[in-house]
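Each chain carries a letter (A, B, C and D) given by its place in the written order, and its residues are counted from 1.
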Amino acid sequence: MTDLIDLYERMAIIRRTEKAAQDLFLAGLIKGTTHLAAGHEAVAVGANDALRADDYVFATYRGHHHAIARGATPEECLAELMSKATGICKAKGGSMHLTKADANMLGSYAIVGSHLPMAVGAAWSATLRGTDQVAVAFFGDGATNIGAFHEALNLAAVWRLPVLFVCENNLYMEYTPIGSVTAVANPAADRAPAYGLPAEVIDGNDVLVVRDAVARAAQRARDGGGPTVLEARTYRHYGHSRTDPAKYRPEDEVRQWLERDPLTLARAKLLEQGVPEEEIAERDAHAERVVAAAVDAAKSAPDADPREAFTDVWADGSATWRT
Amino acid sequence: MTDLIDLYERMAIIRRTEKAAQDLFLAGLIKGTTHLAAGHEAVAVGANDALRADDYVFATYRGHHHAIARGATPEECLAELMSKATGICKAKGGSMHLTKADANMLGSYAIVGSHLPMAVGAAWSATLRGTDQVAVAFFGDGATNIGAFHEALNLAAVWRLPVLFVCENNLYMEYTPIGSVTAVANPAADRAPAYGLPAEVIDGNDVLVVRDAVARAAQRARDGGGPTVLEARTYRHYGHSRTDPAKYRPEDEVRQWLERDPLTLARAKLLEQGVPEEEIAERDAHAERVVAAAVDAAKSAPDADPREAFTDVWADGSATWRT
Amino acid sequence: MADMTANRESVTVTTYRESVAEGIAREMRRDPTVVCLGEDIGAAEGVFKTTVGLFKEFGPRRVWDTPISEQAIVGAAMGAAMTGLRPVAEIMFSDFLACCWDYLANEIPKVRYMTGGQLSVPLVVRTANGGGLGFGAQHSQAVENWAFTVPGLKVVAPSTPADVVGLMASAIRSDDPVVFFEHKGLFASKGPAAPPDHVVPLGEAAVVRSGTDVTLVALASTVPVALAAAEALAAEGVSVEVIDLRCLVPLDMRTVLESVQRTSRLVIVEENPYQGGWGGTVASIVADEGFELLDAPIRRVAAACVPLPFADALEDQVIPTVSTVTEAVRRLAAY
Amino acid sequence: MADMTANRESVTVTTYRESVAEGIAREMRRDPTVVCLGEDIGAAEGVFKTTVGLFKEFGPRRVWDTPISEQAIVGAAMGAAMTGLRPVAEIMFSDFLACCWDYLANEIPKVRYMTGGQLSVPLVVRTANGGGLGFGAQHSQAVENWAFTVPGLKVVAPSTPADVVGLMASAIRSDDPVVFFEHKGLFASKGPAAPPDHVVPLGEAAVVRSGTDVTLVALASTVPVALAAAEALAAEGVSVEVIDLRCLVPLDMRTVLESVQRTSRLVIVEENPYQGGWGGTVASIVADEGFELLDAPIRRVAAACVPLPFADALEDQVIPTVSTVTEAVRRLAAY
């Protein structure tokens, strides 16, 4: 188990990477779209700290935090977003598909809900191979209303697989409050009984709370106790994507959640624990430096090689579909 | 409300139609496949008696009973199965797609679960048009594990639509016991809370129980109370389809359920009510005559016109896709 | 009267994006049974801003925000269409049609036929289609071909603001189901606004530039590409006729064959991958019925058979560009 | 040694149906990471009896019955394939691919590419495809073309028992995802059993009958139709070469073009509707690269562009038959 100060630093690095991504997007250096996870850091960092290196993680288009929490460097992530040859997916994936397979972070998927069955399959595979790995799918509140969610949870429950379904409930699906399109108050947790699964609604902004809950669920899964549904309540600091100013969110709500910023909460706990302010400041400064260096490195990296457009379709590396 | 003796007669007609279909299939006069509903009669007849003529009904490939309960004649159904020009769908649909649109029986669908969202849409349409019609989707236990089920129930609940989800739980999806592939004991009813919906598990072999439950749910729906999930426990007398001998079902189970045959139950109640045996026998004989006449008429009807292959693609009746 | 400049100036210019909302609004005004549903289309006015103004004008009983439930959206639209409404369902990105493909492939196009004509499904499924914006493999596909493989769907893909309005009118009024592809890469493009009561019939291709040497058949985003190529080639003395198909079903092969009769040379420009593309069907019809008209091979300029990459520099390699089209036509003209 | 009769008799004959289970079993024996999942495939041995014996031989840890959850089936197979297994997922009828189309269209074929080669998905999705059995509009389609529109999937559709085994071996061993279409109408058909260790590489078409006048390109169920037509035409003095494509991806155009070089005439026989069919792509390649080889129009004999009707008499009108193919070839030979 990692010290809180180290978890704090990881969150700080993610936060700054997201800020950098936003700035680079606004500066026109990032094309396409981004879905920033600033505000969600505690879920990724807390969960990762409760998992083993050989456990599997699946994320959504809002997945920068999970890639970095699993060990992707800000540089390779930003390089990806900036269409650089050094991008983590060779600039073929982009912001929505950050993947760090060698850290068992098995991808970010941009079709809502699609990765839940994949995580079930990874857990199934672990069982069949006789390991005690677990698989974790992180997904949004909005994903709980799509068919794949239902099929995944039922299959995982019936086969009693070591998989964790972790919902990052940030109260909105894009611009629409989740409550207005969902029949129950806790979109993930309130569905768990429909699959006979245990569930917990947790504070997704408290990194230690997340770690504890995930640790317990992972242990149960490793012990053959089957899947768990965790619903981590959190909030995104930016709009849904790109330049969305998120005007649809009441000011009061935004203010209250910003007060519960996961970094603020962690900092308060650190001070409580007697960690000196300067040490925290040093960690912040370190995060700042790491990300600044990452931005510089990504900026000066070579552009993606156009020839890469025609590789990686098939296992032999080619894109040949006919003779 | 119809007298029980009349409901009995309707069930008897369905039962004999299914028997006729089986015999005709074995005699090689019906091609393709059939999914017989013998054993499920009480669900269709009971529900229909609680519904209005302007309510909408959607069924599955196992839908003969719903078509006939809504007013399709055994003759037009059997003619359809026998590929006759007089078939209810001009022999273009077959057993799996019996439809009686002018009785608001809006089709039988052969992709499991697909019609649940359609029923939601019909209920939505009724609301928007300011009528107090309700829509009913009948489906099997196996359908509760597919994504469309989940999406339909959530949308219906959120929009508080006048729709009834009636599961005919006959304990099996094809050859597999439903319990072995479903995470909860009552596959439909135990899922209702995930959508904040009321649910009831009912005796699907007791036509009066079904009628009462559907009547209550329909009234609630008309009153703006939203959807209800009903799970009618029942049993099929034949195999899943065609010539399946259903060897996978324990003898004891089959025997117990055959003792609870919906016709047997209704007959017992009639006798209890003091209806003379002869009157019941007369109804049986009537059913026998109706179906025998239907078989004869269907047999002697003209074969489907091959030119019909090229009609009914487009609203103008044509199949023209290019100039 | 002869003041052409004044006349020209009086033609209002609008965007393709605005024309989507305008096209829907016109039909909602004339027919109260037209209702819209989709994700974030109401108060938020759509992620592509293609439903701007609808919620405000028609309110929550005509414009419905849905959960992320593509099957429920299209399935409910189908049920509503059977029972007296004319739903217009939005699937945000056309890639997501894969999440409700059962409805497009197995239910909606077949129900009239398999019920022997008992049921009608007058609905429109609209969706933002195509690439060129750096949205990557799962948000950039041109998937008209998925729909094209399924008899029973009308398939519409306009290329200009006026056509968006005119084809939307036909699509919504159609008693047949229509899949309406709005091209993401064209949303910002401009053109003359549709006149009042503008209706473009389904299945009529437009000859958008006349020419005598080569026929260039295009659809949606490839229409401006084809026009730019034709312009470039004109400077070289190659006269290119450009046909905007507008619809894949009904497919206006008469216009294509008449053009090939004049030019004897055919190039087809598709945004989708070569394998399984609609251009194959067009080419095969011409190679059959128009075989004697041809003086040269039929060429298809289509996307490479790879998923769409994120980086612009890579995406440009994959999707046909003005220069690849120009080069293909130039070579064919010289054949 | 010279006793040909004895030799001939020693060739075991088997069915296409049995060959499916045999092909899977062989791979399960040689590779413990091969696992099967699907609806009713275990104790019930599959609704088409194409998994007979597997549950008995390999038990419940290798052969898994699933709920009716096509997305979970294929999605889980994908997750398992990324993490060390080689899953073989059954989708009972190919029409139901529409219920998990997102995985086939957007996830499985793209994940290697969009991760820059980080992930592999070595899986097989097998499915019973095609018509001719009176199963109606939602259980009879030949949907290879859905898969054909999506780069990144290998698409296999065998026509003989031995090819079923040999192509299954290649499919399961492939590190690329494969959609394996087993034709319902061929299940009962018979042919020589596959020899031990039989492996047919993906992407190699077979010239199943040599001829000099017309090339007939076929796939799966249309192969026996084409062969019967060729036989009938031989009696009339028309020499027909029949090519069994076996796979749509990789597509063996070399074999097709070489044949057309000899015959100068091409007819393509598809079970699927004409619109959007793979024959369009084949025709367009020949109309481009083989234009100078052609002495006649390219003809496609495909299904009518309608949903599939239930009644046999109607279905026969829609799907190509020996007589429609014979007639098309006869006319083309006389061109």
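Quick note on the criterion: a contact is a pair of C-beta atoms (placed from the backbone, for glycine too) under 8 Å apart; a residue touches a chain by one contact, two chains touch by 3 or more.
Computed from a predicted model, the values in this text were never measured in an experiment.
Asks: Name the chain whose C-alpha centroid is farthest from the C-alpha centroid of chain A.
Replies: When every chain centre is compared against chain A, the largest gap points to B.
Asks: Looking at B-C and A-C, which one has the bigger number of contacting C-beta pairs?
Replies: Pair with more contacting C-beta pairs, B-C versus A-C: B-C.
Asks: Centroid of chain B to centroid of chain C, CA atoms only: how many Å?
Replies: 40
Asks: Chain C to chain D: how many Å between their CA centres?
Replies: 31
Asks: Using the average of all C-alpha atoms in each chain as its centre, how far is it in Å between chain B and chain D?
Replies: Distance between chain centres: 36 Å.
Asks: List, in ascending order, every residue of chain B touching at least 2 other chains.
Replies: Within chain B, the residues that touch at least two other chains are 87, 89, 91-94, 97, 109, 111, 145-148, 151, 154, 158, 180-182, 308, 313, 319, 321-322.
Asks: Indicate the residues of chain D shared as contacts by at least two other chains.
Replies: Residue numbers touching two or more other chains: 66-67, 69-71, 95-96, 98-99, 102, 106, 113-114, 136-138, 151-152, 249, 251, 275, 304-307, 309-310.
Asks: Would you tell me which residues of chain A are touching chain D in their complex?
Replies: Residue list for chain A touching chain D: 56, 58, 87-93, 97, 99-102, 106-107, 109, 111, 114-126, 128-129, 135, 147-148, 151-152, 154-155, 158-159, 308, 311-315, 317, 319-323.
Asks: For the complex, give me every residue of chain C touching chain A.
Replies: Those in contact with chain A are residues 39-40, 42-44, 47, 65-71, 95-96, 98-99, 133-139, 275, 304-307, 309-318.
Asks: Flag every residue of chain D that touches chain A in the complex, lowest number first.
Replies: The touching residues are 35, 61, 64, 66-67, 69-72, 74-85, 87, 102-103, 106-107, 111-120, 122, 151-152, 174-176, 203, 249-255, 285.
Asks: For chain D, which residues count as touching chain C in their complex?
Replies: For this pair, the touching residues of chain D are 95-96, 98-99, 101-102, 104-106, 109-110, 113-114, 136-138, 143, 145-146, 148-152, 248-249, 251, 268, 272-284, 286-289, 291-292, 294, 296-300, 304-307, 309-310.
Asks: Show which residues of chain A lie in contact with chain B when the two form their complex.
Replies: 145-151, 153-154, 157-158, 180-184, 190-191, 193-197
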